[in-house]
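To start, I am sharing the structure in question, which I have written as structure tokens.
Every chain is named by a letter (A, B, C and D) in the order it is written, and numbering of its residues begins at 1.
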Amino acid sequence: MAEGLTAMTKREVAGRFAGLGLGSGRPVIIAGPCSVESEEQILATAHAVKAAGATALRGGAFKPRTSPRSFQGLAEEGLRLLALARAQTGLPVVTEVMDADQIDLVAEYADVLQVGSRNMQNFTLLKQVGRAGKPVMLKRGLSATIEEWLGAAEYITASGNDQVVLCERGIRTFETHTRNTLDLSSAVAARQLSGLPVIVDPSHAAGRCDLIPALSRAALAAGIDGLMIEVHPDPDRALSDAQQQLDFAAFRQLMGDLGLLPAAALESLEACRAEIDRLDEQLVALLVRRTETARQVGRIKAQAGLPVMQEGREHALLDRLAERAGGALPAEELKAIWGAILESSRREQEALRR
Amino acid sequence: MAEGLTAMTKREVAGRFAGLGLGSGRPVIIAGPCSVESEEQILATAHAVKAAGATALRGGAFKPRTSPRSFQGLAEEGLRLLALARAQTGLPVVTEVMDADQIDLVAEYADVLQVGSRNMQNFTLLKQVGRAGKPVMLKRGLSATIEEWLGAAEYITASGNDQVVLCERGIRTFETHTRNTLDLSSAVAARQLSGLPVIVDPSHAAGRCDLIPALSRAALAAGIDGLMIEVHPDPDRALSDAQQQLDFAAFRQLMGDLGLLPAAALESLEACRAEIDRLDEQLVALLVRRTETARQVGRIKAQAGLPVMQEGREHALLDRLAERAGGALPAEELKAIWGAILESSRREQEALRR
Amino acid sequence: MAEGLTAMTKREVAGRFAGLGLGSGRPVIIAGPCSVESEEQILATAHAVKAAGATALRGGAFKPRTSPRSFQGLAEEGLRLLALARAQTGLPVVTEVMDADQIDLVAEYADVLQVGSRNMQNFTLLKQVGRAGKPVMLKRGLSATIEEWLGAAEYITASGNDQVVLCERGIRTFETHTRNTLDLSSAVAARQLSGLPVIVDPSHAAGRCDLIPALSRAALAAGIDGLMIEVHPDPDRALSDAQQQLDFAAFRQLMGDLGLLPAAALESLEACRAEIDRLDEQLVALLVRRTETARQVGRIKAQAGLPVMQEGREHALLDRLAERAGGALPAEELKAIWGAILESSRREQEALRR
Amino acid sequence: MAEGLTAMTKREVAGRFAGLGLGSGRPVIIAGPCSVESEEQILATAHAVKAAGATALRGGAFKPRTSPRSFQGLAEEGLRLLALARAQTGLPVVTEVMDADQIDLVAEYADVLQVGSRNMQNFTLLKQVGRAGKPVMLKRGLSATIEEWLGAAEYITASGNDQVVLCERGIRTFETHTRNTLDLSSAVAARQLSGLPVIVDPSHAAGRCDLIPALSRAALAAGIDGLMIEVHPDPDRALSDAQQQLDFAAFRQLMGDLGLLPAAALESLEACRAEIDRLDEQLVALLVRRTETARQVGRIKAQAGLPVMQEGREHALLDRLAERAGGALPAEELKAIWGAILESSRREQEALRR
């Protein structure tokens, strides 16, 4: 399985998907409507998701629909509107290409070419989609095994383009409460087996807004590289997938829940204070655990007859923390805070000896 | 769906499952071997999982096996050994009851009666298992829908026992890389619909050790109440489920990964320091985000012409943090640390005004 | 797979299931309502299905239902009514036993003990159900593999009772137009692998009356040993499975369609003539094919320089046909009919030589 | 569902698929190798299946394969060889088109354009494949519902070409003994709902030769319009699907089993006699049933006081039978045989009166 795929290192991933931010250590968030419906709709959405921290814009211009009597997308006009939204927000555009004949057209406007679930084994499309030289997002088929999914990815990489991102979007199961069933273990396994980055699409997986936050947190906790989330200005009036698109407020809420909402998106003192309270709670929990660990250090040292403090560790520690903070927190402030933390640890260890 | 089930509040859950710790806010970790095989095996495992932070012990005495020629469990001898392990470690015991006739026998030894996947719709068993007055853990059937799962739970609660815990253990799908497929969205939905606590069993879901950490993190991130993990002293020699049982070291590693390993379980200075480094990294990330939010407070205040500091908030903050720390970190140390943190925030806000 | 099962010869099957008629060469037809609802309902149904050619009566007294709020069956009163219907019609009774505790009770009234789909892996029940010494019909679980199904059968035969009949009743799939999906290939394969007789239940498989005739014909054409069909005097008012129960007229129609309706059940001259027309059409088709084959004999003989007729074959032929007819057609009439048939063949062969 | 499809009458079907023989009342048998591999292979197969009664030739020139490292077909050279085989045997050619770009090329050589399972929802292909004006065989996707299958058919008919044949080729299920699971009820239902002819492909459904005869008989008994069977001169050396291709002898055996082997294909006296014996057994069974029905006529007449014989029916009967025989059995021979049959009926009815 996946013999023809070469595992990429994190550095290589970051290099190859520079525009998308994959491999940067921070999850990629691709957000936008199911279908591009109008200029007003796509521009409003692009600005809203950008402000809430999204890193790319999605939107369908060509729509694969079960019945020929359903809305089929705005086609090239949709692509043009996506490019306009990119021009205004700087967000790279991810959109579906349904056929080999459309590749040139879609590649003219899009930054990432998406191959949809129903086309996962459209081998002619797979063989050609890589030739545009742009990253390809390959959605898993509704009932595809990992082996078939990676085989499909190999059709793309075999053409010389290894900028392939996999997207797990839920498999068909017997459960009717959800539209599909998010198969997180396959997403994790496909990532391990192929070395390719993997995105999770909880919107199509759940098919209902109320489960999207829990599945999004789960995917990121499992180490998945990013999320693709459907967002619409007015989901009830959407021309497709109405039940699974978040409105702007719900998307902001989700990004906050994931710890990905930019601080600049907090618009009131109340919102800022709620965020600070949430952070303080997490800080206390970590500090309690740090204290317990420091006491364990004290116990081990006491048994070994070692002194409480050892020289030299603090300096190196502060350097490392400053590097980690990357300038977002001045070194002297870090020093002052860790001064207090380390003093606390010392006291606790000494307390053990009494 | 679930009309016959009454949603319990968190407080009620905590009351009803007092021994198991469900509803306490901290995830329940039920760990132990697939089958009880010998006194040595179950005692060693009980002590190991207890030390690593497990809150309950699992182990099968009666084993449902596809073929009558496979190992069927130690039966009552297995129950006796589980009770012995409880006596030594204090861990409550979770074990399967396969038939209505076994209820009295199993209830004599166990703290939680487990109904297995294959028996999810054994309605005679469901009607009677609640009568022992002990909590019942109901595993989801291999291809059961949420509606069928909750219908089965209702058979138990209808007998007057509402101490029912649901357990999602993976559904049957076409994927062969994993034994089953963890259906996290159904676990979340079943929890919302029924108000019952839900446990996830990543061992049976994945059927392979390498995916257990990612799925465990995902389940807890999704808000699931706990995990059931198979642990064996020597998985390669296990009489059942060899490929999915963690050894003691892997279980400790998992608990550390989940932030649930007691500090007292760290046995060397190196391990303690690695843990402190990990905690410091998380602390820096939170502090960076806290600083960004504080700057946003500063911007909003500046626009509104408000002063940088407001009286009265700090005192209340420290009280709240102290309550949160629950005595694990002395108040004066908390005060010193937050002194440094708040001073940092103040400086950053003032810097904005220059 | 199925190592613990011994393939039975056709003769053995016929011996072991004497009462049910399995292995006799003629398909077994088990018919009756989903649930026994009243004396009037079960007696009317028993007489109607007997007249239409059914060979056994089905009816549920204990009903496994997804919700505890659904009708659960008449219990022992239902069994008593089934026995009454048997006394009046002579049809052996097939009914479900849901639990090991019920075995003695059900065996007191029933001729065949049915283990339902949801209990296919209720191993305690499987181990004990064979002890009553009566044939056991084991329904396949909704998502069970053949290996699991035969493993379950082996639990029964391991207790010393090899009168096990398998029943395929449809598996769970994604199709919603049908309730389940009849898996005919697994029914055929399970029969080959185990040597056990296999019955098909198209009522539960399709869940809708309009597909029952096609699936019944298909099952018998595939060599399956019999059918289990739900029949109810007034399906619209049935307490369970209303959409899949045939009324009496539809069941008669089905039996006619399968060529299994006793001639004595044809109540008018019109019905008899329609049946004779149908038979004549089939006779012509066979005679045309017989003629074409006879011509081919003629061609081969002509090439080999052999005479048209060979002595001695006709006499043996008539003996064989008479044995086949089993007295239902007097020997002299057979002789007259085949006289005409053979004369036709001779003429056709001679015509080739001219 | 299927609102956009117009049900065709049998006559319309026969007209539209004239070359394929669909709607003629006799099942269509499409046979040939999975892949065209060489001139020798495809010509030998075409002649063999033609002799055994096949009505069309299949063979893949473009092969959709899970991995790009598997054999991908001979492409245009394969199409050329198929056309050569048609020229020699007169069999119409059915072959797959994988992409809209290939339509013109494939249509140049093939009589029926096949859309494969993986492309069932390749909507660009569906929209264009009908434009070649040739019949299109649409295979059902591996996990497609009937609604999705008919929706896909509607994409073809919406382009103005209603010569669409559906092909059920097995759905993905959990069973591993078979490659897929033949879903006969969906085949029957899709036929009813759409009015389109439906073919069954037992080779891909079962994925193993031993189940093909039973499934073929079942499909025809269910009223399906035809079969598509994989046949290869030497299956063990086939470049794809080795386990499910019949060799020539097995295909002949199958056609004999289905009653579709031309008498001219019987090559020895022994084979002819075995066939005649088989036909005689069926004739006896029908005559026994005819006799029982005639006795029932006698009973009804006796009760009603009617005479045994009624004038006028015999003449009309012989005319009808002669029409049915279509010249394959001379009228005077039919008259002689039915003379004996009717004489037998008369005697039996008279015997009742004594």
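What we mean here is this: a residue touches a chain if its C-beta (ideal position, glycine included) is under 8 Å from a C-beta of that chain, and two chains touch if they have at least 3 such contacts.
Predicted model only: the values in this text are computed from it and were never measured.
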item: Contact-richer chain pair [B-D vs C-D]; value: C-D
item: Repeat of the B-C interface, chosen from A-D, A-C or A-B (over half of contact pairs identical by residue number); value: A-D
item: Centroid-based (C-alpha) most distant chain relative to chain A; value: C
item: Computed distance of Cα centres, chain D from chain C, in Å; value: 25
item: Chain B-chain D separation of Cα centroids, rounded to whole Å; value: 57
item: Distance from chain D to chain A - Cα centre to Cα centre, in angstrom; value: 51
item: For chain B, residues that touch 2 or more chains besides their own; value: 143, 147, 172, 174
item: In the complex with chain D, residue positions of chain C that touch it; value: 1, 143, 145-147, 171, 173-178, 181-186, 188-189, 192-193, 205-206, 210-211, 214-215, 217-223, 259, 262-264, 266-269, 272-273, 275-277, 279-297, 300-301, 317, 320-321, 324-326, 328-330, 333-334, 336-341, 343-344, 347
item: Complex contact set, residues of chain C against chain A; value: 172, 174
item: Contacting residues of chain C [partner chain B, same complex]; value: 3-4, 64-69, 98-102, 118-119, 121-125, 127, 142-143, 147-148, 151-152, 154-155, 158, 172
